[in-house]
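Same chain, two partners: chain A is paired with chain B first, then with chain C.
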Partner chain A sequence: MLFNSLDFAIFLPIVFILYWFVFNKSLKWQNLLVAVASYVFYGWWDWRFLSLILFSTLVDYFVGVSLGKTEAPTRRKVLLWISILVNLGFLGFFKYYNFFLDNFKSAFSIAGYELNANSLNIILPVGISFYTFQTLSYTIDVYKDRLEPTKNFISFAAFVSFFPQLVAGPIERASNLLPQFYKPRKFEYSQGVDGMRQILWGLFKKVVIADNCAVYANHIFENSADMSGSTLALGAVFFTFQIYGDFSGYSDIAIGTARIFGFKLMQNFAFPYFSRDIAEFWRRWHISLSTWFRDYLYIPLGGSRGGTWMKVRNTFIIFMVSGFWHGANWTFIVWGALNAVYFLPLLLTNKNRQNMEVVAEDSYFPSLKEFGQMTLTFGLTVIAWVFFRAENIGHAISYLGGMFSESLLSIPYYEGIGYAKFLIPLLAIFIFIEWLERRNQFALEKLLLNQSIFIRLAAYYTIAFLIFYTAGEEQQFIYFQF
Partner chain B sequence: MKKFLIRILIIGFPVIFFLIISELALRNIPNDYSLKREFLDENAQNLKTLVLGSSHFYRGVNPQLLEQPAFNAAMVSQSLDYDLKILENYKADFKNLEKLIIPISYFSLFGSLENGVESWRAPYYNIYYGIGNPIKFEILNKKGSQTLAKVFDFYFKDNNLILADSLGWGPKNVNVTLEELQFSGLEAAKRHTKKKLNLLPFQLKNLEKIIQIANKNKWEVYLVTPPAYYSYVANLNEKQLDLTISYCEKLAQDFDNVFYYNFLQINSLEPKDFYDADHLNKEGANKFSQILNFKIQKKF
Partner chain C sequence: MKKFLNKILIFSIILFVFNLVLGFILPIRTYYGNEMFEQKFSSIKNDLNDYNLYFFGSSRIVNGINPKVFDSVMQVNDRDINSYNLGSYGTWFNENIFLINSILNDTSIKDATFMIEFQQVMSVPWEKIDNHKNIYYQSSDNFTFILNYVLDKDIRTFRDFLIGVHYIFSYSISETLNIFNLGKLKGLESYSHSKESKKFDNKGFFAIDSRKEMNQITISNYQSKGVQLFQANESKSNGAFEKKINEIIKKAQERNISIIFILTPKNYTKEMVANYKTLPSENKIDYEKFLDQTSLFEAANWGDHTHFNFQGAQYFTEFVAKEFLILNRNEASENK
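And then the complex of A and B:
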């Protein structure tokens, strides 16, 4: 079920009413409703894959319970590996089987051997990377004694499958989300209103910004051979905003939806395009994944504690694995490696934590230096996104080659660019609003709170109208494929 | 909670009201789909000849030149599964029907409306033909800007959105250059050549069901591969084309009431008869309709 669909518009109020008016007397029943609703939400795509979630849930539940009963290190290690192998096994099979097979076949054929194995026609279950990481965080935390194992299966099943963030995050930590299923939840007006505002802003980002940028980005990327350098640069910028609007919009809708059910999810995006360096960008972009990799991969590998070689190695590992997490394609791996290359100079000169606060925290405008830093970081990000969006490495290289040609300074043009005239001012307004509200969790959080009810309503209706005006056929969220 | 719900309802009401009004305003605008439904609702029992299929026949067959009374129920990108749905919907009403004419184009057995670029048309069959899931909304099918433009054009500028004539034919009175025909042939052939042929069993089954309905009702079924300009034909995939032709020939052999005519490379049509490499213009459609009618009458 898509957040931007009629199905969800019907599903959400039904679950909301059942949750607060029918099952509100019993926490157990409320959690059961969340679990059942989440399975319905997920099964709407393809009910066959419900068995995968259920199996992962059962394995991790019993691994958790067993870990709680034993102190023997070997047994605990075996239990942990069972969970890791089952979860990563599913992920590996569904997402990476064909990739590895094709690459092995190519490698063997270079060496003069022909490998007789056929690719499988595998459908990637939506959101498998997200819920796999979420449930793995539980087992690892229990193994490390950072979390008490739960004996409440319903709560655990609801935690693993929690519908607002099931298919595209934020990837919640068990230590944050699971305890929220143990405590009775009370509806709070301010939380409800906040949630609705965040849903509205998320829809705006997805439908108005991302989907409209997608039209131009897709056209330019698909016809990149015929485009001038400046048009290619424009296409890359459109994709940069498409992916931000798409993914952070989803996160906003997820967080807002969770909020109206009395749950607090972690912030997943913190205005990343206002970052002054790449390290800051990665603290603000897909925070739940970055921190997951930091806690469960980077630190166990030794983090930044070792010598220079270890720092370089770990940085490359975490960025490349992060890239590979996004998809079974070399383009994602190169995208990750490129970000590692951007990040390393900062790490090696101990400057990776120099921009911890919000840019221009006490003023309306950034200093010239900050503006330059932001522009450079944004530019580097745009270049990296070309690899993320391209069909293959060759496409990315030819795209960038075309972009950095003499025609980079020409006026962007392609047939149909006239329609982008509507989008460019809209993007400018969007950036302006995000800039004004960069200190908050999301742009609409406090933007209009001091205004009269009429101004607030006018603003909400304007946003709703823009959503209606620009919305077309339901568009998938990019991150569903991951 | 009470305050929250009341406010949500108060704030949401104008939005829902606006959406409902927009939906009703859209549905009230006559279009080719509603025209075809109205015609079939009122005249199905009188028809002797019915034309189904995609734009190749929506543009390319003038029902006035066929055995009367005739009607063209073809629509842009209407695939065999939708032809079947229309037939199933009206089969009880076709009391005098004798001839069913269905185009089997190069893509017909391998594509479907719902999987193609024109998939946005699929809900129109629910909304205007009353076929399939009735809970479909036209406002969800297009951009709000298009909805408003369509409503404005019809209600305030009196623009008619019906492109077909009263018998369902949608002629296009356009002439193009040879270069344009060359280019459109290559593009259309590319577009119609399917990488996967996985829809073949599905569409064959639909075609067989159509034939069974025809058998039961003693209708003759004319499977027709429509004419195309050579730039289109030259760029077709041999395997896909051979499969299309061989299945049609086999059906014509297996069933006494099924006839197959292949007009893909017909000599009597000239470049000036096409508005693109796989669609006939008005003049071409009139010529072709006469040829088709002649063949059907003579049954050779």
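And then the complex of A and C:
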């Protein structure tokens, strides 16, 4: 079920009413409702893949319980590996089997051998990368004694499948989300209103910004051979906003939805395009994944301790694995590697933690230096997104080659681009609002709160109208495929 | 909680009312939800009076009627006909009626013929319910028609009842989304951005190649089942449907436009057959002759299991053209 679909518009009020008015007397029943609703939400797409979530939930639940009963290091290690192998096994099979097979076949054929193995027609289960990482965090934390294993199966099932963030995050840590299922939840007016505002802003980002940018970005990327350098640059910028609106919009709707059910999820995006360097960008972009890799991969590998070689190795590993997590294609790996190349100079000169605060925290405008840093960082991410969006490495290279040609300074043009005249001012307003509200969790959190109710309502109605007027023909969220 | 729900409710009501008002004020392009029809219509809108015969319908018309063939048959028979194929993909009965009504209301076309694919009334599939294509033509009139249509449906089983409920439910949702102006930004005059390039010739026809080897049994079944259904008399026609058809025929007559319904080969339903039989003979092509056309039911003439290929379109158009001539002769002799 998509957040921007009619199905969800019907599903959400039904679950909301059942949750707060029918099952509100018992925490157990409320949690059971969350689990069942989550299975309906997921099964709406393809009920057959519910078995994967259920199996993963059962395995990790029993691994957790068993870890709580044993102190023997070997047995604990075996249990941990069972969880890792099951979860990563599913992920590896459904997401990466064909990729590895095709690459092995190519490698063998270069060496003069022909491998007789056929690719499988595998459907990638929606959100598998998200929920496997979420449930893995539970077993690893229990193994490391950072978390008490749960004996409450319903709470655990609800945690693994929690519908607001099941298919595209934020990837919650068990230590944050699971305990919320143990405590009784009470509806709070302020939380409810905050949640609705965040849902509204998330829908705006997805339906108005991302889906409209997608029309132009798709056209330009699909016909890149016929476009001038400036048009290609514009296409890359449109994609840059498309992916931000799409993914951070999803996170906003997820966090807002969780809020109206009394849950608090972690912030996943913190206005990343106002970053002054790549290190800051990665502290603000897909925070739940970056911190997951930091805690469960980077630090166990040694992090930034050790010699220069270790730092370089660990940086490349974490960025390339992060890229590979996004998809079984070399484009994602190169995207990750490129970000590692951007990041390394900062790490090696100990400047990766120099921009920890919000840019221009005490003023309306950034300084000239900050503006230059933001522009440079934005430009670097735009270039990296070309690899992310391209069909293959060759396409990305020819795209960038075309972009950095003489025609980069011409006026962007293709038939139909004139209609972007609506989108460009809208993007400018969007950036302006995000800039004004960059100190908050999301742009509508405190926007106009000190203004009269009429001004606030006018703003909310304008956003709602824009969502309605640009909606229809719902677009899949990009991150569903990861 | 009460305060929260009250606020949500009031917010939604005001949003609904504002949307209604905006829906009346904003200049929305009439055919914005049907990209192919809009492309075809805009390419001929300055020359509407150059044509005196238009075809309407779904992809079966787009791929099945070649106006160049039709005009050449007319020429051989000394008839001065210039036809245009206004068929568009996925366009079913309600949408076709909307398109024809809009053309009758908004253009000066007169002294012409509209040949319309005869179709059954379809419900809106849930997975496409919020597509612009299923929203843009909705209206209170259409919803009233659906209600009457379902009430007059031959409901014999619980399944029939559920189907009726689905009709009402799906159209009420689509109509609500229309009131909420879902996606109408793309319908604003200033935002006419066509995503697809034109895929039809200068007379609105588009031929498809045979994509795979057709199953002759499936195609033959269209014919044999059609014959069985047309011979049987076990289903009653739908009064609301008849009324709708008569309204459009009458409205067209005021502009001296004659309406002729044509069958295209497919799986027919009992209700559809019953409805076709109730059409006045001057407004339809004889179904018995249609079902006799063996060349139309030969797998080699099909592009896929629902559409003719180029050769099939040639046969089908020639058949329709000849039947049109017969209808005209009959009418002329009656007038004498």
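Definition applied: the second predicted complex is superposed on the first by the 482 of 482 C-alpha atoms of A that agree within 3 Å, B and C clash if a C-alpha of one lies under 4 Å from a C-alpha of the other, contacts with A are read in each partner's own complex, and residues count from 1 in each chain.
What we mean here is this: a residue touches a chain if its C-beta (ideal position, glycine included) is under 8 Å from a C-beta of that chain, and two chains touch if they have at least 3 such contacts.
Model, not experiment: these values are computed from the prediction.
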Record, for the superposition on chain A, whether partners chain B and chain C clash or fit.
clash
Contact-wise, after the overlay, does A:Gly192 reach chain B, chain C, both or neither (first, second, both, neither)?
both
Touch check for A:Phe404: first (chain B), second (chain C), both, or neither?
neither
Is A:Phe468 contacted by the first partner chain B, the second partner chain C, both or neither?
both
Is A:Trp47 touching anything from chain B or chain C once the two structures are fitted on A? First, second, both or neither.
neither
Most chain A residues touched (candidates chain B, chain C):
C
Where does A:Val215 make contact in the superposed view: on chain B (first), on chain C (second), on both, or on neither?
second
In the superposed arrangement, what residues of chain A touch both chain B and chain C?
6, 20, 187, 189, 192-193, 196, 457, 460-461, 464-465, 468-474
Applying the document's contact rule, which stretches of chain B touch chain A when the two form their complex?
1, 3-4, 7-8, 11, 14-15, 18-19, 120, 137, 140-146, 148
Which chain A residues qualify as touching chain C in the complex?
5-6, 20, 187, 189, 192-193, 196, 215, 219, 416, 419, 422, 457, 460-461, 464-466, 468-474
Touching residues of chain C toward chain A in the complex: what are they?
1, 3-4, 7-8, 11, 14-15, 18-19, 22, 129-132, 135, 173, 177, 180-186, 190-195
State the interface residues of chain A toward chain B in the complex, per the touch definition above.
6, 20, 187, 189, 192-193, 196, 457, 460-461, 464-465, 467-474
